[in-house]
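Chain lettering (A, B, C and D) follows the sequence in which the chains are written, and residue indices restart at 1 in each chain.
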């Protein structure tokens, strides 16, 4: 494969775009968060006096001008310091100063990243392994009964309420058959049910796109030409059509990975999966704003990374992009 | 569950090599599934079981309550004495060591007590405090606990305050939030955030050899996990992943009772559900007894209790059950009288009053089906001509509103749970019936003075004084009690567990017979 | 106008391709559409046959049927297409696959879309050998591919063999198409509007290249076009198609000199001519018939200046006006005599 | 001169225009899609006329008749015996009535959000594509930014700050979903901007607004309709997801998302409380997806003949 400077320039540009987007999104999060209640009050709890709250506000820098606070926030963003969690109350978040890593939100959130990556990765790999063959099988025989069945099933997959399906999975496969643990984290068996619950939608979407993009490609002149050269159908589909159909499929896989990253918020909560999603729900429910900022930061970072990977995949799949 | 094997083998090795004398163990790992992760492992968290499930296996207090009689018993303190009206001396148990190897002496106890109740730390446990508590060293084995005002309930209150390592508090305060170092039968092992926390049997626990111990170590280790979904919690017991699942519903409990291999345990608690309605300072109509009566009798409390609050015991028109100090005989729950309520509302309207829209909220997940309950309340009030707006709010929104005092444009009610581990009305009054009370929207200086006076009394005098106030509170429609919560646990068959109304998850009181 | 000599010994051998009464019908929501309505023709070894017609005349559908490119359904194909002793319509795919691309090859109108954008041209040429010549080794294929590119004038072939179609111009892509067409030295090359998408100068280069190559490998050519000039210069025999069927067949020269169908006359009149200087170009009035709304009688009648009542009622049959020259006009003789 | 447009084998199959008749004929031939259309029609009608169609009040509890299974009889508040066709919920309210009123809330949120975001997105997309330049840059940058962050995450976060409820939810959905229409509309506008008929309209002095409205917009109606249909399905599901997290619609108004979220706790003892709204969401989104899929195929010139056959 020829990869030249144009390719790197392209990736560099996307990377720069991603960084700018990240800063914009996090800035919006910062300003939005300043609208919802008093962090000092949340740290101190309901019983604290006004004086104590004001005292803490000063200590936390909340009495400074907004521009100064925003500047600090940006500096923190650049240095990976997104503030300290409220969850432990006043006792140490102020007293312990900057040394207490256990209180910094970014490390707390980072700690949950692997679990989410495992779940999202397993979901997408499983989805692709199921959906691609299904989609291609259906595309090979358009409007046949199996194609129609696959079509309806894949639509059904994207139409179901995920968490309802997740609960059914628990009842059937954990309680009834006892094949998998109900919930939790640690072994391969623990991944199965949450990944299954999350994969329904990606399977449906990828199947549909694989089928339709392959059919679209198969209608193009170069396919007709290849057939006219006596190339066997199987080879025409596998070598010629599939590579070009791969671009929309990769786009969809990227989109669905992003959807899974959103979907983990509910599914992780149900399955007690110690990922970013469950942490986001926890942090939201107690309004632990710095922690919310950290989880949103990581979620957005994941999404931007996925987008970047999709861009790189494009460049490999589409020679026109590669040569610039 | 990756620790199961290693922990087990470690415990076996300990048992074999050291041959710890009175350390029974051998019960393997106890897995408890609760509904939420502790927000921290601070000593103060242990005051309420739901805030830090299982933490009382690691952290102990000066006193404890008898599960049967609710009477105050020795724990880390072997005896206590009221030296002066505001000074109590606690005699500490000999030879008790914290899990970090430091001794529990008067010095350590004083540091821990002062840390826990200090205004600077502002821990929520202070909601359970009467007058301000401070501690001083008397001699090596005696700690003095001093209260700003007279507090006859102090020994009972001490049951709420966990005692943890003074060395940690002084040297590594930030560690206090994540690494509890107590004196209990289990040594804190690891808190894997988002997943579980674990502890291992403590071979050096004082209770292994003491005569007045409160249990026996059966399990080698304890693992606490949490699942917000009720269905998943009960599924974990059914599939054998946990021995104890907390907070089942009545229907699940019935199903568990009927199924083989699993059981359901139900018991009344020290927590009651109450309906608090803005009073002083709120919309003028809310200070009108007619309007309050219309609201309190326009709601079918018994219907809600029986059908929505399925695991509950009736409350006799007041907040605490009959065992409580100050319980008033002869009061009955506000009777459902939609016609009467409607008539009152019509009367108020005829007098030219505009009925305000009542905002009824509850906290997300504070008790099962609270969302349905406020829907029912809203619909019932609507039916008697009182408009409502209802909302289930997450703690972040609910909590600050709960402590804000009413303003004239406000007409607000909440449905919320409240625990009274002391089983004494003084605590209820302090929180709900005084101007300064944390969540109080009622403010009558005269009433407050009488309540404060009653709180300093003891014996029958105390009971009678509090009882009179209870009756008055009922007549003045201050707060509507809904019911006393029962809590249900899904457990493996043959599970034995002694616990009191405080529902402490204490492993030394648990064992499996099968 | 350059005149190509008619080959005298046309009927010497058995034809390489013999198409008999080919009919192609499409099922559509509005009923059946007869795209090709009984076409017969043959191609001799090494000869160049032109098929001339407007879009919708059925010329492309005919070669689609020959090459097995029509999807069925919706297409229904009847008739016979004989390549030597093999009847292609009824033959199993395994048989036709070994003929298409190998013995009968085709090049397409729009080269850039007819090449796979994501495979190098070396890959695409190499694939032909891989499929049809499974015994050939990797090196041999590589060498052969480079040789082919050189033959069609792509320089420097050794480097460009690893390029992608989008890195070439339209004319270059057409050369690559031709390289693909002649790679296996087919007996028949079908060229469907090979130059329509190209500049005039490039057109000439491409046709010259085709002519040269034909000389080298003795290959018959079926040239499909709407451009009468192109067939005049490059073919031996001609079939003029209109409305799904042939209207006139014969030696190219004969048809151009003495057209025997009003449609052919119309076509000839509509192109600029050396000896027509100063005269006005005459376009055929009206537009070709919609295939699902075929006129009752002669398909050309609605646009024919000479049409009579009979033309609107009766379908004319092919009538011979000279030994090799036929026309499907009720008044063919009169037209010739004109 | 001879018209020299490309002659391909497809010409005969691509008859440019299809009428209502063809669509209806094709519909009748595809029973699944036909059933979907009928189902959705009935659903929308019953949502509109919920007061007439619903047998009971969806809000007033009948607390001693709670959690009755489907086909149960109960004594109503007025003392008469009433049939609860689909059972009752935890407050003794009729499930069927709640489902019908819930359809109104859920579909209203989805439809209004789709309408608002669709109009907004299409306008911005057409303007960006038509004028190009800085307008396009600004719009497309905004689109990129929104596409980079999952919309449900934004919705969740914003609702967390401003609180749930009908209006907020519609606003948020419109805010996060306009980009999909903008992207589509811009793409189509770009491809149409240089076409002959737009050039011609410009040549005869048609105003820009007129060209956009009369010449460009009509050409994107079909793909926009398909997209909007899919978006409705997406938002019905999103409503359910946000209700799970407590950021959705506000009770007591019934909505499917709230019902399914509430029903979770009763899943094993009162299956109908979660299954019926779950089924309602499933069937609605499935129908929408089937129709969108089918409509897209019918409107696609390449695929059309297959579906019209």
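Everything below uses one rule, namely that a contact is a pair of C-beta atoms (placed from the backbone, for glycine too) under 8 Å apart; a residue touches a chain by one contact, two chains touch by 3 or more.
The shown structure was predicted, so the numbers you read here are calculated from the model rather than taken from an experiment.
A.B. asks: I want to compare two interfaces, A-D and A-B. Which one has more contacting C-beta pairs?
C.D. replies: A-B
A.B. asks: Which chain's mean C-alpha position is nearest the mean C-alpha position of the whole protein set?
C.D. replies: A
A.B. asks: Go ahead and note the Å separation of the Cα centroids belonging to subunit A and subunit D.
C.D. replies: 24
A.B. asks: Taking each chain's centre as its mean C-alpha position, how far apart are subunit B and subunit C in Å?
C.D. replies: 91
A.B. asks: Quick one: report the Å distance separating subunit C from subunit D, using the average Cα coordinate of each chain.
C.D. replies: Distance between chain centres: 50 Å.
A.B. asks: Could you state the distance in Å from the CA-based centre of subunit A to that of subunit B?
C.D. replies: 39
A.B. asks: Mind pulling the residue numbers of subunit C that touch at least two other chains?
C.D. replies: Residue numbers touching two or more other chains: 69, 110.
A.B. asks: Which residues belonging to subunit A are in contact with no fewer than two other chains?
C.D. replies: In subunit A, the residues touching two or more other chains are 167, 171, 284.
A.B. asks: Quick one: which residues in subunit B touch 2 or more of the other chains?
C.D. replies: Counting only residues that touch two or more other chains, subunit B contributes 229, 231, 364, 394, 397.
A.B. asks: Residue numbers of subunit A touching subunit D in their complex, please.
C.D. replies: For subunit A paired with subunit D, touching residues are 17-18, 21, 24-25, 29, 32-33, 35-36, 142-143, 151-152, 155-156, 158-164, 167, 171, 208, 215-216, 219, 258-259, 261-262, 265-266, 281, 284, 292, 296, 299-300, 303-304, 307.
A.B. asks: In the complex, go through subunit A and note every residue touching subunit C.
C.D. replies: Those in contact with subunit C are residues 220-222, 224-233, 235, 239-240, 243-244, 317-320, 323.
A.B. asks: For subunit B, which residues are in contact with subunit D within the complex?
C.D. replies: Touch residues, subunit B against subunit D: 229-231, 249, 251-252, 255, 300, 303-304, 307-308, 364, 368-369, 371-372, 374-376, 378-380, 382-383, 390-392, 394, 397.
A.B. asks: Write out the stretch or stretches of subunit D touching subunit A in their complex.
C.D. replies: Listed in rising order, the residues of subunit D that touch subunit A are 32, 144-145, 148-150, 152-153, 156-158, 160-161, 233, 237, 240-241, 244-245, 260, 264, 267-268, 274, 278, 281-282, 285-286, 289-290, 293, 302-303, 306.
A.B. asks: Which of the residues in subunit C end up touching subunit A in this complex?
C.D. replies: 67-69, 93, 96-102, 105-106, 108, 110, 113-119, 127-128, 131-132, 164, 166-167, 177, 180
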